[in-house]
Amino acid sequence: MKDKTDKTIKSDGIHPYMKSMTWKEYASRSEDILIIPIGSTEQHGPHLPLCVDTVLAEEFSLRIADQIHGVMAPPLNYGYKSKPFSGGGPLFPGTIDLNGLTLQLLVQDLIDEFVRDGFRRILLFNAHYENEPFIVEAMDLCSGKYGNELRLWCTNWWDPLSGNVMNLIFDEVPFPGWALEHAAITETSLMMYFKPELVRYPLPAPTEPVKPAFCYKYPVEQGDIPSTGVLSTAASSSAAKGKLIADHVIKNIVNYLEEKKK
Amino acid sequence: MKDKTDKTIKSDGIHPYMKSMTWKEYASRSEDILIIPIGSTEQHGPHLPLCVDTVLAEEFSLRIADQIHGVMAPPLNYGYKSKPFSGGGPLFPGTIDLNGLTLQLLVQDLIDEFVRDGFRRILLFNAHYENEPFIVEAMDLCSGKYGNELRLWCTNWWDPLSGNVMNLIFDEVPFPGWALEHAAITETSLMMYFKPELVRYPLPAPTEPVKPAFCYKYPVEQGDIPSTGVLSTAASSSAAKGKLIADHVIKNIVNYLEEKKK
Amino acid sequence: MKDKTDKTIKSDGIHPYMKSMTWKEYASRSEDILIIPIGSTEQHGPHLPLCVDTVLAEEFSLRIADQIHGVMAPPLNYGYKSKPFSGGGPLFPGTIDLNGLTLQLLVQDLIDEFVRDGFRRILLFNAHYENEPFIVEAMDLCSGKYGNELRLWCTNWWDPLSGNVMNLIFDEVPFPGWALEHAAITETSLMMYFKPELVRYPLPAPTEPVKPAFCYKYPVEQGDIPSTGVLSTAASSSAAKGKLIADHVIKNIVNYLEEKKK
Amino acid sequence: MKDKTDKTIKSDGIHPYMKSMTWKEYASRSEDILIIPIGSTEQHGPHLPLCVDTVLAEEFSLRIADQIHGVMAPPLNYGYKSKPFSGGGPLFPGTIDLNGLTLQLLVQDLIDEFVRDGFRRILLFNAHYENEPFIVEAMDLCSGKYGNELRLWCTNWWDPLSGNVMNLIFDEVPFPGWALEHAAITETSLMMYFKPELVRYPLPAPTEPVKPAFCYKYPVEQGDIPSTGVLSTAASSSAAKGKLIADHVIKNIVNYLEEKKK
Amino acid sequence: MKDKTDKTIKSDGIHPYMKSMTWKEYASRSEDILIIPIGSTEQHGPHLPLCVDTVLAEEFSLRIADQIHGVMAPPLNYGYKSKPFSGGGPLFPGTIDLNGLTLQLLVQDLIDEFVRDGFRRILLFNAHYENEPFIVEAMDLCSGKYGNELRLWCTNWWDPLSGNVMNLIFDEVPFPGWALEHAAITETSLMMYFKPELVRYPLPAPTEPVKPAFCYKYPVEQGDIPSTGVLSTAASSSAAKGKLIADHVIKNIVNYLEEKKK
Amino acid sequence: MKDKTDKTIKSDGIHPYMKSMTWKEYASRSEDILIIPIGSTEQHGPHLPLCVDTVLAEEFSLRIADQIHGVMAPPLNYGYKSKPFSGGGPLFPGTIDLNGLTLQLLVQDLIDEFVRDGFRRILLFNAHYENEPFIVEAMDLCSGKYGNELRLWCTNWWDPLSGNVMNLIFDEVPFPGWALEHAAITETSLMMYFKPELVRYPLPAPTEPVKPAFCYKYPVEQGDIPSTGVLSTAASSSAAKGKLIADHVIKNIVNYLEEKKK
């Protein structure tokens, strides 16, 4: 069996794609770490597609799983509500917002089911800024049921980045904070590295980062943020920067998880 | 822009993949029919991967969307609980079961959001037997909110098959009913047609269909169904039969939807 | 004590009516099988009353309970949402539709409480087509709590019918499938047998079965189904056919349950 | 059509039993007041059956409906959790307790559906002490949706009793309060009047009323209340007292509702 | 450390205010009884502030905790929906009504958390008439989880009052029942005793008690109850009566709890 | 009327305390901005009490309300789950964690009720780091109901601080980020300013800030964070710094809201 989209199948046929496994192949892997990629369907400016967060969640998860002999579950393609100053907010078409409870129940059900299949170590790999609190609520409630039998982790792809790497990436403009790094240098660079065929050129002209209000405000209004949906400049993005981020993040997470396997 | 996995991009760049669109491309399509593929992650015997239902939901949706100038949303990769006599049930590893309420809320949120983006005609395309009642409950509750502004449809891929085509497919063995057609001739043939690289050979040896109990029984027990997870024989499957099914189903649904567009 | 409506009280005073027992009488029966009749309040054409499903659920349950020394709980008088092509749908006055979650919680609470009273074998006896998935969801969630301590079954009254009996019943017209057998030959015959005083004559004139759309469609529209609410012909119904069905179904379920008691 | 259990069918065929109506008969009645009897399945001492509350809810509702040309819906056979000092509490077998949310959702769904069928005046007639707050919560939430279009009432059968009548009933012992009037004089007398065949003799020997703690206490313990389940004496009960209560209550409610119809 | 509002700090620094403790001080108290004051924000006539119920819940709880070496948790400042004939109902501005489910979940979460901190005896001290059923539902569900490990009590401040004391308080007018004692003699007297600076003078002129309908009625209408929001007369209130009530109630509850500590 | 704890009553009797108002006083204020202080009950090291977040929420809200002629609602005394690296996490006694859904429903109910009372501008003033996502979810759902009729804001007390002020506060140690500023310089300084009598001395000895893991990890383990519960040093705290923060934050929020009133 060989999945053509599968870049990580080893010569012994071992690979991380749960989706492509038969149930018996999967059943033999329950001692491994399981990774659930959690993305979203959300506007990412005029140059990136709606699937950016899901693509990033999967591409990172795949590479991490590959290195730790892990299993990658099918991704969640929809996430929690985009907010104006971290994703552009609900007024953009193509931003498909789940209620918090829905995402929470979804993650709870998945954890319950993977535990039932024997997995004891699960990484929830998140690529959509607004998802985190509801993923963590699900983890908290599941952990209350399983206690020490089950180890759960949740990371965002940007969490493990060190200051050194950040300096290399933000060599031309200052880092605007992760909330505003939406459809901007890091996501654009990662897409140029992982899925160049999905990036439209020219990239948007350089802009100043959005200046967020200090408070959440409802109703959300047209004009609160730029009509492009880009919250900080994407100029100075490159596939090389994407690779730099990817390599660094993957290495750090792999090291962390390998430590946990000992 | 060109998504390498995209078999349906027209020369004018029009294609049905919502995931690969920018928000502006997507925004221009709200008069079109939107199709949400709903699959599952579920055991499908020793010869098929866990992603069968999601693959089928997507492959059918894609082709339908392509023909009706529709938009295909990202799929739901997880579905409602597999039952012993329609999918093998919860004891098989790799069968990841959502609670009914979770699936219902998920579908409700998606419908709400696509309506918010201006879509008025949505097809929920299902490929997992057990999903239907919870999809329909979500449709019912959303329809109560939007009334005649919103047209919703839900079909399973097997619903539009006529008796004539069924006779061609079940030329060697009798049709065991759709519940038992799990990992059997129709699903195997469709996978041989859509994703041959994911089918393992040799196919399972011919077997008699499982004889289901006349009632639901809990707890589910090992031994209620064959240890392979195949509920009816997959022998006599072929890519040609897969194509026959696909062409027939797609044509019928396309005709139905074209009628609705008038 | 003697309940005048009670046709099944034995000379030793043993009878299946939970409702008519004192708590002490009931407390002595927890080793027996408990049967919960689940009906609905739903249109059944111009010739049958709204209570058909509840009547059938109770009449079958009573006779089964009588033969297996079981206990019959009070029935659920309201059920899940009627659908156009299995019950006529929500536009008919008199069709009282519970939300799926409501029915599910109701069944969960009942199972929890009967378990608390010591019962370990419970049959959910259903007579309303659309109820099943939400009853089964409740069973699934409860079974997860009680495991092997608790045996749960759910059957519809039509599930145990064999092909032979079906041929005798559908001697004049073809069987249209259970979804369309609404207010038609089987339900009419059963009411003529169980509750002749509730059947209005003449029976509706013969009609062709409704031809259902292959997909669920919302909003439901007037005119999708016949204005009578009869989905298939009720002509050729008779009390004799009702008795035939009843005897056959009851015998099969009694045999099944007696087997389980061993 | 004539339902043998139907004591109230008029010569013109008009009667209050929704369950026995066809959908067309029911559809013609939406200008009338609809009454939903809400009972329970609960221990009622050694002399009364588990169905007391449901029987009382139905018998009162039927007579009221009969006098005001109203429609009586099928009863709710299960109610909210019995408490030790108002019904004996959860430790008695045969006391089947719904969660509050379940009862609330059930009543909400029913109100929604009867409104959808055109009814604008609905009486929730309760006979189980503990049900009230959750019925009222459902009324509150529904009323928020329908505003002045919908008139909702909820009464317990004991609410309309005047001091004069109470003095006649409690002629031998003092009135212990409604919470403790469980399986005691009023309920026993009503059952002797409405359903004498369901009362066991001799009635329990006279007892002092239970002396309730001033606070709710969990866990509920064996021994908190008498092992019979009778909270106040049932001695001095009689069918004549039952008739007295019934006539008085029915008259008061009928007068109240007739006033509302003007 | 000394909280200026703290009237009950002993010379050894022991006091009942959880809010003013550090976590270590609190951690040392888990063998003690924990009291959660549950109030509301609700209209209380022209002479009393919106915080009456919360003030009473806290003032009683504080004094009880002080005498039994207990711990008083921060109060719940909002409660369940005020009803016309027990609090004036929802039409009065300043009456802030939680849904029943919200209050229930809130109390469940608090009980769960105090149990997690090691407390095994918890008193829910209620001062808002309508709260009780939802507090008790929360207690019931939590007790189902913890069983005999956890002792829970719920009392209203008026529950422990004896007939003797009631006669002293209602020396000029008859007792109208607790539901109607809203913003009336008992609450006014207690506020005059506990928080005289929050009472406005002159007190409202004497009025007859409201005569409640015998049934719940929706929609709630202006004019159902007096426009002042006072349901029974507040005349004859006095700080002395307030002290009488307080001393009596506190003594009874303290005695009850001391008995439970043995 | 004069509440002794009320520092902000003007000579005309106008003050911001909703709790101390009668319903008529409150009813006259619905054109004003309403502020809901949202705190928590949570460990704050060996030197601060469990009520820090609630105290800060109230003290800020009071001063802001005072300056803008606003109304301050009673505070929420309990908040969402404390996390190890932003509040010390659930293992500390005294940290009382609500589920996310509970907090969300609570805030939704409050907003609904204040809207019903005529308020159209509501500020949710938060002082507990982990509360924000669930407050915002409630705002989002309510805003969907009320649209442009209702303006909602949510701010944390630390959101409006400018870099200049931050430099003055973190004059001796670097700013560790808001998550780690728990029981540290800012909270300690604010308590020294607002409630000096609740601060214990000596302050904890200087420590390095905790070094958080880059990911969320369950189960939470003892030893993940310092046993004191202090996440960054509280040394260099002072009442003067507290005043500096307070003045600055209050001024910024007042300016923002005054702008909105125009």
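As written, the chains take the letters A, B, C, D, E and F, and residue 1 is the first residue of each chain.
The rule we apply is simple: a contact is a pair of C-beta atoms (placed from the backbone, for glycine too) under 8 Å apart; a residue touches a chain by one contact, two chains touch by 3 or more.
Only a predicted model underlies this, so the values are computations on that prediction, with no experimental measurement involved.
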Starting from the Cα centroid of subunit D, hunt down the chain whose centroid lies farthest away.
-> A
Subunit A to subunit D: how many Å between their CA centres?
-> 56
Calculate how many whole Å lie between the centre of subunit B and the centre of subunit C, each centre taken as the average of the chain's C-alpha atoms.
-> 31
Calculate how many whole Å lie between the centre of subunit D and the centre of subunit F, each centre taken as the average of the chain's C-alpha atoms.
-> 49
Intercentroid distance (Cα basis), subunit F paired with subunit E, Å | 26
Among the residues of subunit B, which ones contact at least 2 other chains?
-> 99, 101
For the protein chains shown, what form does their contact graph take: line, ring, star, complete or other?
-> ring
Could you walk the ring starting from subunit E, turning first toward subunit F, and list the chains encountered?
-> E, F, A, B, C, D
In the complex, subunit F touches subunit A at residues 81, 83, 99-101, 104, 132-134, 136-137, 139-143, 147-148, 150-155, 159-160, 214-220, 252, 256
The answer for subunit C against subunit D in the complex is residues 1-5, 18-24, 26-27, 30, 41, 43-51, 54, 73-78, 90, 92-99, 101-102, 105-106, 109-110, 113-114, 116-118, 197-200, 229
